[in-house]
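Take a look at the following structure, please.
As written, the chains take the letters A, B, C and D, and residue 1 is the first residue of each chain.
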Amino acid sequence: MEKKARVLIDCDDEKGLVYKFSKVFFDRGLNIDSNREFVDKEKGKFFMRTVVTGDFNIKELEEELKKIIPSNAHLKVIEPKRKKIVILATKESHALGDILIRHEAGQLDADIEAVISNHDVLEQLVRRFDIPFFHVPTEGLSREEHEDYVAKLIDEQTFDYIVLAKYMRILTSSFVARYPEKIINIHHSFLPAFIGANPYKQAYERGVKIIGATAHFVTDDLDEGPIIAQDVIPVNHRFEWRDMQSAGRDVEKIVLSRALNFVLNDRVFVHGNKTIVF
Amino acid sequence: MEKKARVLIDCDDEKGLVYKFSKVFFDRGLNIDSNREFVDKEKGKFFMRTVVTGDFNIKELEEELKKIIPSNAHLKVIEPKRKKIVILATKESHALGDILIRHEAGQLDADIEAVISNHDVLEQLVRRFDIPFFHVPTEGLSREEHEDYVAKLIDEQTFDYIVLAKYMRILTSSFVARYPEKIINIHHSFLPAFIGANPYKQAYERGVKIIGATAHFVTDDLDEGPIIAQDVIPVNHRFEWRDMQSAGRDVEKIVLSRALNFVLNDRVFVHGNKTIVF
Amino acid sequence: MEKKARVLIDCDDEKGLVYKFSKVFFDRGLNIDSNREFVDKEKGKFFMRTVVTGDFNIKELEEELKKIIPSNAHLKVIEPKRKKIVILATKESHALGDILIRHEAGQLDADIEAVISNHDVLEQLVRRFDIPFFHVPTEGLSREEHEDYVAKLIDEQTFDYIVLAKYMRILTSSFVARYPEKIINIHHSFLPAFIGANPYKQAYERGVKIIGATAHFVTDDLDEGPIIAQDVIPVNHRFEWRDMQSAGRDVEKIVLSRALNFVLNDRVFVHGNKTIVF
Amino acid sequence: MEKKARVLIDCDDEKGLVYKFSKVFFDRGLNIDSNREFVDKEKGKFFMRTVVTGDFNIKELEEELKKIIPSNAHLKVIEPKRKKIVILATKESHALGDILIRHEAGQLDADIEAVISNHDVLEQLVRRFDIPFFHVPTEGLSREEHEDYVAKLIDEQTFDYIVLAKYMRILTSSFVARYPEKIINIHHSFLPAFIGANPYKQAYERGVKIIGATAHFVTDDLDEGPIIAQDVIPVNHRFEWRDMQSAGRDVEKIVLSRALNFVLNDRVFVHGNKTIVF
């Protein structure tokens, strides 16, 4: 029976990698639907994403590949299927709403398992879509206590990724450490410009002529995780900072959805503090 | 009591227009919040949009201005307030959904009075937002008969603009003639490229490296109305036409919402087959 | 001795192509520096560009590959080296000038063998750079006669590509047929919008909000050759058509140089009326 | 005799400014060709740029306007004419070359009086265009001594603006203070990202997906002067930092020339650390 798998390999670069991997596919009669490689020469790292189709057993293919990959390699053989996400949001609805509409239209390759928020502002919107909404107020809780509640809720879900759709709380290192390469954030600036609070106000004060947004994996280092996607729009002197914020919403939601799409299709490798997007 | 009005004037260009209009504002002690002018020298046309604030009566200001404007001038003195729109859609939800989310967030300067569709696919989405949805099937109806039903429904609403959010029916001249400068459409191509059916397939066949979308007023001449806003995104040989369509959705919805925002804020003059957007 | 070659293959798609080609590289101990493939599933076509390094003989590698490629395949094994170009221009200097400056800075991977023009306006500019300039006036010549002179001059040069840097003459089919996939043109519009004469005037009349430029291979079908690169810039109602033309110059020159760079680095496959750019 | 003047006014905002200024134009029978205003409400500042035509004496118009402007106002009445610039460069030719080509084509609204460089690399290029080139080596000189030589050369020229076309020396406060609002720089990053040395290397290390360039007036505060223009281009993981640098050159030169064009046409107001570009 015709099957499809995404094979993702990253390892130290050495001669013959493409040959060895393609030999495995060839020997099993698999078709290569698409194939992308990249070698970071400076770091001596090899990255490959191959989509194969044919009559095969995924477990067996994985075992076969394991035999030949270098010892320090990371290998994933993934059957393409809808993933599951949990969304964290606060009060703003544009990024969340964009995902909800895509989801409703069947254009998001993921199910939304739950939306968790530190406010109840977005509850009505989420409930309109019959998606579970959890309000975790912060009142009277330490940052750690609040995060424990949130983490508990997250862990009760089945999920592949956690999407911060304008979640306006800074996450602790220990929270981030629970979900390595699992948390995707949209930062409301063209990183690394305007790191920190209220980037639009910073942008306004600086008098920039372009503003942007950055989707990235969340790591311990605030606003410094591997960038997945970025985009920008022009502004001018007529924009007060709230106008920049308003204009910025369109970029934010589009960039987040674009990054999410890459991630859900297993097109992203994290490579140190960078990404490779095939 | 502090009031605000948007004054829009277009007329044949002549010496002293700015002076004469600003004198009226000055004599009444009004403050000019913002002021934009444009002269089309080729056509000898003058356009001005001034936002004034102060203690004044809108009717009286309009009368005063009427006394001094050239005889062929168009004058509008508009109190800024939420407008009302009716949306026409078909099956695709991205453009409609974007407007619904903005509306829900209070970020659309309009109330959505109703959504009318030739299919029932979007009914659930619209009802989620407690907005009236009317399904007008086309079965067994001539184009004119169908439009009569649609027009009847539209006319039962109070509305300032009709928004075609991916309404995939060609409108007759007589329908368009009922609503001059009232119908805003999003065309799924970078007009005037790829006029007509399935622009994404055309774009794919042509092998373009950029695709776009165009928001425009609808006139008798299909795909030829005054353009309000356009934007583009890069594509490449890896995009099949459905990928282009999918990528195009983001541009479509953003361009439509941007154009709608201009129109709802009375920032757009129609000037022959063009627009002036202040 | 360490050598480098670019291997370009296009052929009917079939199972095992990547394996077979990478086996040849592996068996000879070659390193794969970079590797890009694309399969046009609709047309059943396979495209690959691989850069290999190692100690090898280019002729031998080519022979080896020839043995295993499908019978209808196109194979090129290219040693990376500076190519040679002939430039045709008319009166405008921006696209030509951009190439001259890159050339002078050693940032163009080609030598400019000659500039040929139907006017003498650009002679001084070209001579400033000590590059041969040939003026072929059109007076008293039929289109064919004029082209014969131009072709004769071209054929006296050693060249890989002919670059039309705003050459404002329409080429005949027979001229184009002499240099298949050899002529690169910059078209002053975002094709396929505004085909034909004075696109900026057309764009102005149409009231577009974005203008662009298109670099493409020249084929028999005017303005319809395979697109290599495109880009755009925003305009607005304040732009008269000469302003659009002026703004357009920047896009034109950048797009032409970008396309030229792709071509000079053997990154472009022509595929029917499209290109694949790796 | 028909004359033209650009009237630039910035002052504290107050009621009736447009009226008062347009009255002066009206009373003298002047035509308003174009008129742009902006009010910074937060700071209470008014900016106006009006182009008037008619039969008038510039000195007299200026005197007339002086009588009615608020006491702290800045007023300029400028006759449109070619300005003069001095260019400082180092080794890279793309930004300089772009200006030279525009100049040669008569598309730069300025004469290039001289090019001054701390290296002699660009001498040949500049001499090709018959423009004076001055080499001021830094060897054996303190920063201040070197700047004194440069300043002396600059001051011997007649000039309106000093253009830093990739001049890779940090200027001292005292040098900058000599030429307030006279020095335009192109910074090879999308400020305020990657302030400081080798922005492309920084961008590469950070793994950004977009790089840009910023043209700004030079003030005492390095990389912090008022931004005139910015633009960006997409990059990806395949770009090593030298590729980013190479791609960045196109943005740099275009952004610098765009900013220069604004400045030469008196379209830029400096407003604290920002610009207003009409």
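The rule is simple: a residue touches a chain if its C-beta (ideal position, glycine included) is under 8 Å from a C-beta of that chain, and two chains touch if they have at least 3 such contacts.
On a predicted model such as this, the values are computed, not experimentally measured, just so you know.
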item: Numbering shared by both copies at the chain D-chain C contact, with half separating same from different; value: same
item: Chain pair with the higher count of C-beta pairs in contact (B-C, A-C); value: B-C
item: Chain centre separation (chain B, chain C; CA means) in Å; value: 40
item: Approximate Å spacing (C-alpha centroids) for the pair chain A, chain C; value: 37
item: Residue numbers of chain B (touch at least two other chains); value: 38, 41
item: Chain B to chain A touching residues, read off their complex; value: 92-94, 97-98, 100-102, 104-105, 107, 125, 128-129, 246, 249-250, 254, 257-258
item: Complex interface listing, chain C residues touching chain B; value: 38, 40-42, 190-194, 205-210, 212, 226-232, 236-238, 240, 271-277
item: Contact set on chain B toward chain D in their complex; value: 15-20, 22-23, 25-26, 29-39, 41, 234
